[in-house]
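Across the two complexes that follow, chain A remains constant while its partner is chain B and subsequently chain C.
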Partner chain A sequence: MINIQPYESPEYFVLILGLLLPIIIGLFYGKRLVNYETLFSLVFLVLTFGGDKWQQGVALIGYVLFELLVIFSYSKYRSKQNQTSVFVVAVLLAIAPLVVVKLTPLFSTNSSIIGFLGISYLTFKTVQMVMEMRDGAIKEFEPVLFVRFLLFFPTISSGPIDRFRRFKKDYQTAPDREKYLCMIDKAVKYLFLGFLYKFILGYFFGKILLPIVSHAALAHKMAFFHTGLSWPLVEYMYTYSMYLFFDFAGYSLFAIAISYLMGIESPMNFNQPFKSHNVKDFWNRWHMSLSFWFRDYVFMRFTFFLMKHKLIKNKLRISQVAYLANFLIMGFWHGVTWYYVLYGAFHAVAIIINDYWLRFKKTHNVPHNRWTEGLAIFTTFNVVCFSFLIFSGFLNTLWFK
Partner chain B sequence: MNVNEIVLDILNGITETDFSKDMDEDIFTSGLVDSMATVELLLELQEKFGIDVPISEFNRDDWNTANKIIQRVESLQ
Partner chain C sequence: MSVKKKLWNIFGPIITAGLLVFIAFFAANQFVSVNKATEKRAAVSLSSNVYKGSVIKSAALKDGYVPFFGSSELSRMDPFHPASMAQKYHRNYRPFLLGNPGTQSLSHLMQMQGMKSQIKNKKVVFIISPQWFTKQGQVPQAYNFYNSPIGTIKWIKSATNSSMTRYTAKRILAMNVSGNSGAIHQSLENLADGKKVTAMQKMQLNMSESGLTAEDKLFSAFVSGKNEAKISRDQAKLPKQYDFNKLTNTANHLAAQQSNDNPFGISNSFFKKRLAKGHKLEKLEGSQTEINYLQSPEYADFELILAQFAKWHVDPIFVITPVNQKWVQYTGLSDEMYQKSDQKIKYQLSSQGFNHVVDLSADGGKKYFMEDTIHLGWNGWLAMNQKVAPFLEQKQAQPKYQIQSRFISNQWQQAE
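For the complex of A and B:
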């Protein structure tokens, strides 16, 4: 059995665009070929999770069945009652498989047998369902639609993270011809931009430059009183940051382009993040589908809870506690290692300092011109790149290996 | 006080900005209202008008100006 990883090779693009043709022609004539689309999705799921990755395939099936049961039970319960404790249990159950997968590396050298590529992204989608059911925004349990939403394969491995009600609206109709042509137009643009980002720039920074600067930085392990702080390390920081952006933004563009061709407007993931004026602005531009998920399902709910129950009086303190919780959870989500958690904590502290500054700016007359804007962008860029150096895990290699 | 005044009052209390001059100014893109301020807004609306807007139903595009907030409040009352 063959196994093809999404968006990795030219063969994948040839295959996917070829098999997409009937869907594209159907949508062009205003028809969604549901049966063909199901078959098509199955083929790609088997290609991604089959072959030597068959264990992941089994894990995926088990995961979907388990989450179906959680959502089904909670929706049954929610149609009659609305206890907070049951809601909390439902959320904990929904994230339980992910927690097990993330904690396994702490206790074992093998990865968990219930893990598979994209489990964290599917968990975001499931938790979102539970939360919106709690709010009464999603009322009925639609198993077929839920599975389609969960397993929508263009975004299955690494997002962008869509919202169920948005997906449902797209999925239940076909876009009119004018709109669909516009979507094809964008899809073609995103595909080529994606090629440039992932296979040219991402490849250059990640596969050519990164090994060189990494080697140089490791050779300076003893520099600056044994801390390893050296110019090559600074070069590593910027190179890795560029690689991370182009690789991930490129991948996201592919996922969005394929979604568009299927008549689904998956949300954008990046909006020129290196132009951000401050850290807060950065999180509105970087990995947006993730940061908005955290904003809507963690930060806002947590602040709402704290304020409603008047657990903390001071508003500034509330936002600071919520930022810490928000970014620490995000850190742990990336993986239970000191550098991911520190990455989260670093961003929490950065955004808290940022908030103090914004408050100061409101009450004081701070000059504003293109030079100060340039300084703001420059500062933000460096803060962000430094956070990516933490995130890269390279310091772990440099200091502890 | 009518809905108009109460909403402007709430917004003024949260952002320390008077929106009565430009009721169509986008409160999110101007950076005056962030997620934290949004939650404050929702709680105040709940308290003053008794309307319940769950976070899931809060679509920023429907609530991004003083005028739109007033409209929403009036339709939900």
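For the complex of A and C:
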């Protein structure tokens, strides 16, 4: 049995575009071929989670059934009552499988048997359902639509993270021809931009340059009083940052392009992040679907919680605590290692300092021209690249291995 | 704007681009042929594209080039390098250098499939470094870097079920080339299991082979001429007439100038670039006492090369390289172990009928023999040349080989 990983090889693109053709023609004539789409999605799910990855496939089925049960039960409950404790239990249950998968590496050298490619992204989608049911924004439980939303395969492995209500709106209608032609136009552009990003630039930085600079940096392990701080390490930092961006942005463009061809406007994930003027701006441009998810479902809710219960009076303190919680949770989500957690903490601190600075700027007469803007972009870029050096885990290899 | 116009705006550029690529490949396939100048450049370029490809190698072999298989030593170009010597003294052969740091038996086995019809019944030179024969053997990263898809496809297409074939397929799979999908991977899995390559896989392989061949042709003109220029500069430093004593004098003279700033007789530039920095040298002192070249999967990989040579009636001369003796003493590498591994390699050769062996393994202490720690230079190249040149220039008796499959066994790989 064969196994094909999404967006990795030319064969995958030929296969997916070939099999998409009926859907594209259908949408061009204003029809959504639901049955064909189901079959098509199944084929790709089997290709991704079948073959020698069949255990992941079993884990995925188990996961979906479990989350269906959680959401079904919560929606039943929510139609009658609305207790906070039950809501908390529902959220905890929804994230339980992910927590187990993320914690397993701490106790075992094997990865968890209930894990599969994309479990985090599916969890974001389920938690979102529970939260919006709590808000009353989602009223009824639609299992078929929910499963379609959850398993929408172009984005299954690494996002972008869509919102259920947005997805539902796209999904229940077919775009008119004018609009669909626009979407195809964008899809083609994104596909080719993605090829440039992932297979040319990402490949260059990640597969050609990175091994060289990593080798050089490891050779300077003893540099600067045994800290390993060396020029090659600086080169590593920038190279890794470029690789991370082009690889992930390329992947995201593929996922979005394929969604568009299927008549679904999955949200954008990147908006020229290295042009950011400050760290806050950066998080509005980098892995946007994730940062907006965290903004809406962690940061905002945590802020409201603090205000409602009057746990902290000072408004500034509230947002600072919320940032800390927000980014620490994001850090833990990446994985329970010191460098992911530090990455989260680093960004929390950076954004808090940034907040102070913005306040200072409001009350003081700080000059503003293209040079200060340039300086802002330069500073932000370097702060971000440094955070990626932490994120890369390379320091762990450099210092502790 | 009409719908048709819009569709054309979207897909027109893709269709045009696709057509242009197709035309370029088609034109390359039809009209590009490798000329003599390209062959000359490619022969000493050590370019990985030439190594992986097929077109240039095959054309050059037809024109009298002789493959010199090896690894890092090939890049140690001084006036006494085989390429320079052959040019200066108008030998009836020209070396075609095939090898880079990290290329070992397995990568050579695949890349030489690309010159299959040209190498049959020919003489070749094969430089073996005992340094290949580590506990791990061929390093997968290096294999992947020098992996020749054309060669691999050609090998798969001509493979028939045998213990050698199954073993080879398993070894290549262990290098994990191209992930775990694609026709190459699937057909290798079939061969490893003793099954046939399916018709579907064969079709896919043929398709990618013709694509790769067109690509190989298209890019064949872009080979760096840097080494060619170096060789032609270097050979000008050699005496006009071939005279071994004069050559030795020149070698001693040049080497004395170029290796005078360190206690190992290592070329100054290598010493400065690779060893003199920081605490590198200190750390290497006594660092190689545990190194062992006696047990290695490389012995089996090397056997695959021998079996391939036997099958194609190739007549090879093997050169076994030494280590700089002063360096051996400094790093604590065991002389006894080195000689034992040399014996093991030679036993494997002689017991199967491979009788042309230039064993330099014990010459690492001779004056100006090594350009650096483990690579031949000056007198080392001369010594090799003295044995290799007559072998290539004179007619040799038809060799008779008795290939023994016990040499791919785990037992042999681990034998002391």
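Keep in mind that, in the parts below, the second predicted complex is superposed on the first by the 401 of 401 C-alpha atoms of A that agree within 3 Å, B and C clash if a C-alpha of one lies under 4 Å from a C-alpha of the other, contacts with A are read in each partner's own complex, and residues count from 1 in each chain.
Just so it is clear, contacts are C-beta pairs under 8 Å (C-beta built on N, C-alpha and C of every residue); 3 or more make two chains touch, one makes a residue touch a chain.
Just so you know, these numbers come straight off a predicted model, no measurement behind them.
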item: Superposed partners chain B and chain C on chain A - clash or fit; value: fit
item: First (chain B), second (chain C), both or neither touched by A:W338; value: neither
item: Which superposed partner A:M307 touches (first chain B, second chain C, both, neither); value: first
item: First (chain B), second (chain C), both or neither touched by A:R177; value: second
item: Angular separation of chain B and chain C about chain A, which is computed from CA centres of the superposed model and rounded to the nearest 10 °; value: 150
item: Touched partner set for A:W54, first chain B, second chain C, both or neither; value: neither
item: Touching partner for A:K362 - first (chain B), second (chain C), both, neither; value: first
item: First, second, both or neither for A:R295, with chain B first and chain C second; value: first
item: When both partners are placed on the shared chain, which of chain B and chain C touches more of chain A; value: B
item: Which superposed partner A:N3 touches (first chain B, second chain C, both, neither); value: second
item: First (chain B), second (chain C), both or neither touched by A:Y36; value: neither
item: Partner chain(s) touched by A:V188 [first = chain B, second = chain C, both, neither]; value: second
item: Chain B and chain C, minimum CA distance [Å, superposed model]; value: 30
item: Residues of chain A contacting chain B in one complex and chain C in the other; value: none
item: Chain A-touching residues of chain C, taken from the complex the two chains share; value: 3, 6-7, 9-11, 14, 141, 179-182, 186, 278-279
item: Touching residues on chain A, where the partner in the complex is chain C; value: 2-5, 8-9, 11, 52, 177, 181, 184-185, 188, 192, 211, 222-223
item: Footprint of chain A on chain B - complex, ascending; value: 16, 31, 34-36, 38-40, 42-43, 54-57
item: Chain B partner contacts - residues on chain A that touch it in the complex; value: 131-132, 135-138, 280, 295-296, 299-301, 303-304, 307-308, 315, 318-319, 322, 358, 362
